[in-house]
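You will see two complexes here that share chain A, one where it goes with chain B and one where it goes with chain C.
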Partner chain A sequence: MKQKKRKQKNLIWIIIFILPVLILLTTFFVYPLISLVVTSLTEWDGISPMKFVGLRNYSDLFSNPIFRLSIKNNLIWAASAAFLQVPLALLIALVLRRKPAGWKFFRSAFFLPNIISLVALAMLWRAIYNPYYGILNGLLNVLGMEHLARHWLGELNTVLPSLIVSYQIYVGYFVIILFAGSLSISDTLYEASVIDGANVLQQELYITLPAMRGFIISSETLAVAFALRQFETTFLMTAGGPANATSVMALFMQKRLAAFQNGMAAATGVLLVILGIFVMKGLQTLFGMRSDAVEDAQQ
Partner chain B sequence: MKKGLFVCILAVLLFVVMPAFAGGTEEAAGGEVTITWPTHWVGEQGTGPIVEKMVSEFNEANAGEIKVVLEAHPEADAAEEVIRTRLAARQTPDFFLFKLGPSTRGYYDSNLLLDLTDELKKDGWGASFNPGALGVSTINGKVKSLPMENALTPVWYNKSLFDKAGVAEFPKDMNAFWAAAEKLKAIGVVPTSQMTGGANAWTSMLWFTHFLGSYGGPNAWELGWDDPAFEKAAAIMKRLYTDGNTTLDAIGAGPGESSAHYMNERTAMFINGPWFVANIRQNAPAVYKETVLTSAPAAGDYSGHQVGWLLTSAAAANTDDPARKAAVLDFFRYITSPESSKRRSIETGSLIPVQFEINPEDNIDPLQQQFIQAGNNATFLIDGIEAVMPVNVVQEFGQALSSMVLQDLSPKEFIELMKAAGN
Partner chain C sequence: MKQRTISTTPFALQITAKVAKWALLILYLIIALLPILWLIMSSFKSEFEIISSPLAFPTSLNFVNFINAIRISGLHRFFINSFIVTAFATTLNLFFCSLAAFAVAREEWRFKSSFLIFATAMVLIPIIAFMVPYYSLITTIGLYNTIWALVAVYTAINIPISMFIITNFMTAIPHELEDSALIDGCSFWQRFSKILVPLTVPGLVTAGTFTFIGCWNEFVYAMLLTSSQEVRTVQYAVRFFNSEFRDDYGGMFAAIVLTMIPTIVIYIFMHDKIVSGVTAGAVKE
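After this line comes the complex of A and B, so read on.
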C-alpha cells in the first residue's frame, strides 16, 4: 500500500517535470509538423482558403529540375560537412591539444566567426570573391597565377565549391567540441604509450581517436544537420544562383513562400524532414553507431 | 510536501503561460491610437529622410491622439516578406506598402484590407490621384490600396563617357548601339550595367522589357512567351552579357553592384527609376551631372517607348474600431495629400501619381525633370515584369538569364525556362 502510494507520488513528479517539455515539444514541433503535412496537401496562397489537392504538390516537386538539383546540393553540403568540416575541425583540435605556442589565441580565433553576424561574414566573403577588387583574385595575381583568377560566384563550376569553402569559417564550433572532448582523455594513457614506444601518429590513431569517438559522432551529426538546413550562406551570397546552381531545399522552400505557393513550400518542408531522417540514419550506419554509442563513448 | 508540489505546479504554469504575455499589440496610453508602419522607406538615403520627417510632423500635429510608428525594414525585399507573412498570419500591419501585381491581387479578395472606396468619394480625396493609377488600384469596383509611386525606368547614360568614346549622340538603333558599345570598350569603359541577382534581376529585367516593347509594341506582354518578340529580346540580352558588354560580376550581381558600377563610371549605361535620383545626387555628384535619360535604341518596329507602371501601393488593416479607422484614414489622407506628395517627389525625385501643382519657385531636380520629360515624350508605356507576371516567373528571370549565358542556351531555351517557371 505504502509502495503504491510512493509510486503514485513519483508518477505525479514525473508528470510535473515532463509536462513543460511535452507542451513545448507539442507546441513547437508536433503541431507545426502536422500543420506542415496538412498544408503540403493543399494549394494555398496564404490569403485565400486552402484547396485540397492531394499529393499533387509532391508530384510537381519531383518533376521540377530545380528541386531535384536542390536535393543534390543539400547532399553535397551534407557530405562536405561530414568529410571536410568535421575532419578539419578534428585536425585543428588535435593540434591544439598538443598546446603549441599561441594555442589559446588560436582556440578563440577559430571560434570567433561563430559569434559574428552571418550577414557580415557573407558580405565579407562576397567581397573576397569579387572579380574586381576581391582579395582572392588579388592574391592569385600577386603569386603570378592570373590565369586562375575568375568570377568565383558567377561561374557554374566554381560557385558551389566557393560557398562550401566560405562555410568552413564556422569550423571553430566543432573545434571547440572536439578540443573539449580531447581534454577528457587521461594523460596516463599517453605516458604509458610513450613507454611502449608509440610515436605521435600512433598515439592519435590508437588513443585519441578511439577515445573521442562519441565526440566525433556528435560533431558529425550536428554538422550534417546544419548542412541539411543550409539556407543563410546560400541566400546571402548567391540567392541560389547563378542558373539555380546553388539552390538548396530551404531556399527553394523560401522562394515558393515568396511566390505565394505555400502548399508547395510545405511539401518541400516535409521532404526536407524526410531527407534529414534518411541522412541521419545513413550516418548512423556509416559510423556503425549503436543507439547508446555516444553515451558509452562520452562515459 | 504539498507546498513543494504547489510551487512546482505554479512554476510549470508560469513557464507555459508566460510566453503568451510576451510582445503583443502595443496599446497606447490615454486613448492615443498607435499606427505601426513596417516599411523600407527609412534610413538616410532615398525616401527615408523625408518620410521620417513627415511622420514626425504628423505625430506632432496629432500628439495625444494618433502616433505613427515606423518599423524599419531597410531592405525592400525583406520588408515585402514581412508584410506577406503577417497577412498570411491574419495580422495585417496597420499601414503598409506593397507591389500590386498578379500575385498580390489576392489581398483584395480577403477581408484583411480597409476598403477605401467610399472614403475616396469624400472631400475630393479620390480626385487628387492620377486616374490611371487609381484605375489600376480598383479591382472589381473596390479600392483597397492607393497608388504611392510610379515606376518610369528610362535608360541612363553618362554623356561625358560617351563624348570621350567619340559617340556624339545616344544610338537610335541596335547597329548604332553595338558600334557605340565597341567605342566605349575601346576607352576601357564597360557599356552597360547588368545584374541577374536580387529578387528580380532588376536592371536586366528592365533592359529586356525595353527591347520586348520595341519588338512587341505596347501590348507585348499580352502576346505570350511564344511570340517571337520575347525570343528576339532574349537574344539581345545574351549579347549584352557577352563580348565585354557588361561587367565581369553581372552574373550574380545585385542592385548594389549594378548601380555602383554606373556611379563609379565603370559602366556608361544603366537603368533605374526616379527614386534613385537622391542616391546618385548624394553619392556620385559628378556622374549625376553627366547623366542623360533616354529611351532604349529601337530593336524592332517600335521605338521611343518607356517601361513604366504602378510600382508602390499603400494599404491599411481592416478594422471595426471606429477610432482606429478614423486615425488610419487621417494618416492615409495626410501621406497621400497633394502637399505631402509634392514634398516627397521634390525631395526624392519619385514620380507620384497624385496631382499637385509645380510652381516656378519649386526646386525641381534637373534629373527628375528629365524623368517627367521622358514620361511625357514616351510613345507608349510598357509594364515592368512585376506588374504582369506572378512572383515565381519574376524570380526565375535572373536564373534563366544566367542559364542562357553560362550554359550557352539559345534564346528559345531561355523562353522555355521562363514558361516552365510559370507552370
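After this line comes the complex of A and C, so read on.
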C-alpha cells in the first residue's frame, strides 16, 4: 500500500521533471515539423491569411532551374562529405592510431577549427581567396606559379571546389570519432596477425577497417547530415553566386523567406528534410547496414 | 609494450609509410591551423602590410586594429548580448535536461525509452529547415527582435545532444548511493539535487561546453529572429565587418579574432570534455 502510494507520488515528480523538455521539444521540433508541412501547401506572405494551393509550391519548385541546381549542389556537398571528408579523416585517424610523436597535439590542433564559428571561418576563407591580398594567390606568387592565381570565388569553374575545400577544415570532428573507434580494437588481433605474417597494409585492410565499421558508418551519417544542412559557408562566402552557381537548398529557402514567399520556403524545407532521409537511407544501403550491425560492430 | 610496431612489413615499405605518414599529418596541420594563424598575424599588421606582404610576419605588435575594431563596430555591445544569450540558454538547457535525464536514468516508467529516443533522435533533423516555422512562432508569441527569442531557440535546439550526454552519465552512476539515501528519507527532489547532480558534474560540464560553443557560434537564427543593433550577437556582427571595415582589413581581422577568444579559451580548458563528448555522441548514433 505504502509502496504504491510512493510510486504514484513518484509519477507526479517524473511528469514535473520531464515536462520542460517535453514542452520545448514539442514547441521547437514537433510543431515546426507539422507547421512546415502545412505551410508548404499554402501561398503565404507571413502577414495576410494563408491560401491553400495544394502541391503547387512543389511543382513550381521542380520547374525552377535554380532550385534544381540547388538540389544538385546539395548532392555534391553530400558526396564530398561521404567520399572526401570521412576518408580523409579515416586516413588521419589510422596514422594517429599508431601514436606518432606529438599525436595528442595533432589531435587537438585538427579539432580546433570545429570550435570556431562558421561565420569567422567563412570570413577568413573569403580573405584567403581574395584575389588582391589573399594568402592563396600570395602563396602561388611566392612559388612562382602566378599563372594559377585567380579570382577563386568569382569564377564559375573554381567557386564550388573552393567552397568544398574550405569546408575540409572541419575534418577534425571525424578524426576524433574514428580515432576513438580505432583505439577500441583489441591488440590481440594484431599480435595474431603478425604471427601469421601480415604486413601493415594487410593489418589495416583486414583488421582495422572491418572492426571500425560501426564508427565509419556513424561518421558517414553525421558528415552527410552536416553537409546537407550546410548554409553559412555558402551564404557568407558567395551568397550562392556567381550566377547562382553555388546555391544550395537552405540558401534557396532563406531567399524565398526574405522575399515573403513563406509557402515556397516551407516546401523547400520539407524537401530538405526528405532529401536528408533519402541520402541517409542510401548510405545505409551502400554500407549494407542493418540497424543491429552497428551495435555488433561496436561491441 | 608496443606490439603494433612489430610486424613483418618490408623495410622499404616501412620507410615509404613513414614519409607518407608525416607528410599527411603536416599537410593537414597546415590546412587546419595556417588560416587561423594567418588571421591572428594579420590582425596585428598595418593596412599597408596586409596588402603588400600578406604572408610576412607583422613587423611590430600593434593593437591599433583591436582598438579600432571596438570603436568602429561597437563590438562590446554585441559581446554583452552574446554572453547574456549564451549564459541563459546554457543554464536553462542544462537545468531542464538534467531534470529529464534524471527521470529517464533513475526511474522506471512506461514510455521512458520512447521518450529518450524521441529526444535524442531529433539531432538528425536539420534545424535549418525550420526557418519558416521558427520565424512565425517567435513572431506570434511576441519575442521577435528580443534576446529571449534566441534564448528560447538555443535552449531547445541543444536539447538532443545534452539529453544524450547527461542521461549517459546519470545511468552510469551506481544505485547503492541512492538506495541508502532513500532509507534516510530523501525526497525525490533531494535525490536529484543532493546526490545525482553532484555526481554528474563531469557530464554537465561536457554538455554545457557543447551548448556554450553552439550558442556562441550560432548565426542563422541570430540573423533571422532579430532586426535591431541592440539585440544582435557577435556572429551577426562579424558578417557586417566586411562592409563596416571597407577600407580597414586589419580592423576586420582584429574583430574576428576577438569574437573567437571565448570559444578558444573554453577549448583550452575543456579540451578533454569536448573530445569525450564528440566520441560519446557518435557511438550511439
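Quick note on the criterion: the second predicted complex is superposed on the first by the 271 of 299 C-alpha atoms of A that agree within 3 Å, B and C clash if a C-alpha of one lies under 4 Å from a C-alpha of the other, contacts with A are read in each partner's own complex, and residues count from 1 in each chain.
What we mean here is this: a residue touches a chain if its C-beta (ideal position, glycine included) is under 8 Å from a C-beta of that chain, and two chains touch if they have at least 3 such contacts.
As the structure is a prediction and not an experimental result, all values here were calculated from the model.
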{"item": "Chain C versus chain B on the shared chain A, clash or fit after superposition", "value": "clash"}
{"item": "Contacts of A:Y132 with chain B and chain C, given as first, second, both or neither", "value": "both"}
{"item": "Touching partner for A:P20 - first (chain B), second (chain C), both, neither", "value": "both"}
{"item": "Touched partner set for A:N262, first chain B, second chain C, both or neither", "value": "both"}
{"item": "Which of chain B and chain C A:G240 touches, first, second, both or neither", "value": "first"}
{"item": "Which superposed partner A:S48 touches (first chain B, second chain C, both, neither)", "value": "first"}
{"item": "Partner chain(s) touched by A:P87 [first = chain B, second = chain C, both, neither]", "value": "neither"}
{"item": "Partner chain(s) touched by A:G282 [first = chain B, second = chain C, both, neither]", "value": "neither"}
{"item": "Residue contacts with chain A in the superposition, chain B compared against chain C", "value": "C"}
{"item": "Touching partner for A:L222 - first (chain B), second (chain C), both, neither", "value": "second"}
{"item": "Chain C region in steric overlap with chain B, selected from 222-230, 258-266 or 276-284", "value": "222-230"}
{"item": "Set of chain A residues, in rising order, touched by both chain B and chain C", "value": "13, 16, 20, 46, 132, 257, 262"}
{"item": "Interfacial residue positions of chain A with respect to chain B in the complex", "value": "12-13, 16, 19-20, 23, 45-48, 66, 130-132, 151, 153-156, 159, 238-244, 255-262"}
{"item": "Partner chain A, residues of chain B touching it in the complex", "value": "5, 8-9, 12, 15-16, 81, 84, 87-88, 103, 106-107, 109-110, 112, 196-199, 247-252, 390-392, 395, 398-400, 402-403, 406-407"}
{"item": "Interface residues, chain C side, partner chain A - complex", "value": "3-10, 13-14, 17, 21-22, 24-25, 28-29, 31-36, 38-39, 42, 50-51, 54-55, 95-97, 99-100, 102-104, 107, 109, 115, 118-119, 122, 124-137, 139, 152-153, 155-157, 159, 163, 188-189, 192, 213, 216-217, 219-220, 224, 235, 238-239, 241-242, 249, 252-253, 256, 259-260, 263-264, 266-267, 271, 274-275, 278-279, 282-283, 285"}
{"item": "Interfacial residue positions of chain A with respect to chain C in the complex", "value": "9-11, 13-14, 16-18, 20-22, 24-25, 27-29, 31-33, 35-36, 39, 46, 88, 91-92, 95, 98, 100, 106-113, 115-121, 123-128, 132-135, 138-139, 142, 168-169, 171-173, 176-177, 180-181, 187, 190-191, 194, 197-201, 203, 214-215, 218-219, 221-222, 225, 228-229, 231-232, 236, 250, 253-254, 257, 262, 265-266, 269-270, 272-273, 276, 280, 294, 298"}
